[in-house]
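Per-chain residue numbering starts at 1, and chain names A, B and C are given in the order in which the chains are listed.
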Amino acid sequence: MTRVISILFWLSLAAVLAFITLPLLVVVAASFSPTATVTFQPFEWTFRWYGDLLSNRWLDPFLTSLKIATVVAATSGVLGLLAAYCIVYERLPGSDVLMSYLLSPLSVPQIVKGVAIVLFLSMIGFQGFLGTPALIAAHVVLALPFVTRMVATSLANFDANLDRAAQILGAGKLQRIRHVLLPMIKPGVLSGVTFAFIISFNNIPLSVFLVRPGDSTLPITVINYLEYSLDPVMAAVNVASMAFILVVIFLFEKIGGFSAQIHGGSK
Amino acid sequence: MSSLALDSSPPRTRRRFTGWFSYLALSPSLVVLAIFFALPMGIMIGMSFADPQTLSPTLDNYHRFLTDGLSLAGFCRTAIMSLLVAVCVTALGYPVAYFLARSRTRWRAVVFALALSPELAGVVLRTYGWLIILEDRGFINDVLLYLGLIASPLPLSKNLFAVVVGLTHVVLPFGILSLMTSIQGIDPNLERAAQMLGASRLSVIRFIVLPLSVPGIVSSMLIAFTMAASAYATPALLGGAGFKVLATMIYEQVLFYINWPFASVMAISLLVMMLAISFAGVRYESRRRLRTAGAKGDN
Amino acid sequence: MGTKRCFALILSAAFVTQANVAGAETLVLNSYGGPYEAIIQERIIKPFEERHGIDVVYDAVGSAQQDYAKIKATNGRPGFDVAVMTASQSLQGCKDGLLEKLAVAEIPNLASLSPGLSSAAGPCGAVHEVQYLSLLYRTDKLTSAPVSWADLLDPQLTGKIILPTFQNIMAVYLLEMMSLSNGGDLIDNIDPGFDAMAKVSAQSVGFEQSSAILESYVRDGSVWAMPFWNGRAQLLVDEGVPVDYIRPREGTIPLIATLNIPVGAANKDAAVKFIDFFLEKSSQEGWVTGYRVGSARTDIDVPAELQRRQVQSVAGDKSLHLPDLMLLQAKLPEWAERWERDVVPHAN
């Protein structure tokens, strides 16, 4: 009986892992598909779809996404760090209320936020704001609560005795922040920034309302393309974009030990 | 220099200065959220009470939502889909989470990476993957047709099934994480003790692990439900015209019918669904705390 | 340190490249993807870029209806300079004041278009092609060629039909023809159309939005018949796919495709140049031979074989029914809801 259960357990584990990896493997396989429709012929493959990626059609949205994600990561990183510092470390009066205000966008679905922002821009006649500026603003709203929460968590774990020790040794406030506090919470901040970069780079539900022709992000360009074709270029774009994200994570990891914390956020 | 001067000044002044500085440092975040979140949300709620043509105040949009049949059907489809996703995510995630919480072998790292790495790939890649697997001319139908097991393609895409499969895949990593955290919190000695007292593996799982991981199960279902209900790309691509949910219907109202008031009502209905589910979760959690606190008090 | 430099390099590359693009004069053209895109790039856009030195940014997003919605939602500033739409949106946009009126003074080639077709599109649309809704079918699968729209209800086509979504004007035109063939009319008495569409829907495997995806079903033989624009149908025939198409005996509805400029377009000069270029005799010849459609110019020199199955003019052709496009446009929101309720649920 025990054996049967244990076999069942291993089987289910393997099945779930297969379920998780299947679509990724299929996309990678499809990206080498020799024909213009996606087919699975094991012994024929081509790199030609990857060559197509170098056209402006894919490069422009990629660069737009990269630009937006960078600005969003930097902005929400700085704002989130300042906010979390003030609330958690300085313990401002009313910090609970402020914190729930800062985290409140998390309880609103992205598509609802998207509708609200596009309505707002249209009502005040700021349609010209659509495209990169609106995308940056919306992605910051999306990323800021995550960053704030991640930094706040690492600030809460910060051992105040270290700070006191430094103070006793005569370190001034700025010195303590720079040499004691910041190094200690650096992993938290970097995870937050990486996370902000990834959610901006991969975002769809908000971006879908805010892009502009000629000023569109990569994921939106991809879903628009899927309206016309499922061809292997799609697979190549997706694989390349995933590879890029892995490179970004690797770089952040090298800078500051970004660990398995990327899952601080739940949406 | 100024910081040194600050430190030697009387505590009250320093406190006040730090206060001012803090509010100043905090203000960009507050302002950004006010302009691009709070204000738009307010406008959207106001818009839901506006007549689509004249913008004069009315309840007609809510009336239409409740009576046109299509909208409520979309609402129910969203709820059913999200519930199914929540159940699938939790059921599929449980064995993985249990393994991750208990294994001490080097396989743990491999499984961890396999289970969570898809999250980095983004939703489009995974949805596209399922699209080419489930499509009428997709991978599965290709294989089945080739083997002669079916005569015509099985309807695997553009329906509830496809959307649930796709969303389960998207949400699974989050479910696994929350289940894993919860199972890790169960003292392994309890399991060992039960086994020593002669309980079978099955009864250990059924009477010890499962009951104790109920909070993890609940939170995994909550996360999965809310993520599924608000997903856009996966239902849009895998559900198509045949399976519309609130998210895709909202998109249509905004970008195709340009009926902003009605889009606002739909968006609000989605928000209400999510808040109700989260509220139920919070209620459950606080009750459980009360119960455990009570149980401890009895000892 | 190396990592940081690598980072900096990637990021600065992103900003620098983006800045460069802004240099040359550009035109943002909103159009369609798939085969349409391949042909328009080769026949029209490349020669245009070469002649005028203007970069064309190609935006293959959305159907004509969705494009117009975008123009409306942004109050005439959708971010594209030229939209490829149809006479319906041209008329509506002119009335709403969201599309530019096009003048012969700026676009001399407008004068060469057939007056009947031009007036059908109103002063804001430049008719650059004409097609009609045809019935496309697989010659190798159907035992006999269809002759009527009612043949979509043939039992041998059960599960072998694919339909356009309501966002695609093709669906509206099919609904109209179903209404006409079943005793209804084009605008007011549409009920017979919905009744018939419910039955067609029950025959179908579902709905797809774009022509490119729709035709992929016929191409691989999983679907045997569907409504389709005749030019696109002809392309499939010429490609050697075992298909043919008919103009059913009840007649059909012409698709008058237009080029339009939103009032808030950023590059109006380039837009005007583009439209004039597209309407030029040589461009029209290139387009007609490339995309296998009819032209509103009567003076083009193309093989008679190509012209044979095309629409030359709307007036005088008894088999062409052109509904009052403004009235039709006004009916769309109501019909869309009805379509969701009465047609979509019947599909398999």
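Assume contacts are C-beta pairs under 8 Å (C-beta built on N, C-alpha and C of every residue); 3 or more make two chains touch, one makes a residue touch a chain.
These figures come from a predicted structure and were not determined experimentally.
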Legend entry - Chain located farthest away, centre of chain B as origin (C-alpha): C
Legend entry - Chains most often in contact, by C-beta pairs: A-B
Inset, instruction - Starting from the mean Cα coordinates of chain A and chain B, work out the distance between those two points in Å. - result: 16
Inset, instruction - With chain centres taken as the means of their Cα atoms, state the distance from chain A to chain C in Å. - result: 37
Legend entry - Whole-Å gap separating chain B and chain C, where each centre is the average of the chain's CA atoms: 39
Inset, instruction - Indicate the residues of chain A shared as contacts by at least two other chains. - result: 37, 122, 230
Legend entry - For chain B, residues contacting two or more additional chains: 137, 254-255
Legend entry - chain C residues counted as touching two or more neighbouring chains: 73, 209, 216, 220
Legend entry - Complex contact set, residues of chain B against chain C: 68-70, 136-137, 152-153, 155, 158, 240-242, 244, 254-259
Inset, instruction - Spell out the residues on chain C that touch chain B in their complex, using ranges where they run on. - result: 65-66, 69-70, 72-73, 159, 165, 167, 205-209, 216-217, 220, 222, 333, 336-337, 340-341, 344, 347-348
Legend entry - Residues of chain A defined as touching chain B within the complex: 1-2, 5-6, 9, 12-13, 16-17, 19-24, 26-27, 30, 37-40, 79-80, 82-83, 85-87, 90, 92-93, 98, 101-102, 104-105, 107-113, 115-120, 122-123, 137-138, 140-141, 144, 148, 167, 172-175, 198, 201-202, 204-205, 208-209, 219, 222-223, 226, 230, 234-235, 238-239, 241-242, 245-246, 249, 260, 262-263, 266-267
Inset, instruction - Please give the residue numbers of chain B that touch chain A in the complex, ascending. - result: 3-4, 6-7, 18-19, 22-23, 25-26, 28-30, 32-33, 35-37, 39-41, 43-44, 47, 92-93, 95-96, 98-99, 111-112, 114-116, 118-126, 128-133, 135, 137, 139, 142, 169, 172-174, 177, 200-202, 205, 223, 226-227, 229-233, 236-237, 247, 250-251, 254-255, 260, 263-264, 267-268, 270-271, 274-275, 278
Inset, instruction - Mind listing the chain C positions that touch chain A in their complex? - result: 3-4, 6-7, 10-11, 13-15, 17-18, 21, 26, 28, 30, 32-34, 37, 57-62, 73-75, 77-80, 209-210, 212-213, 216, 220
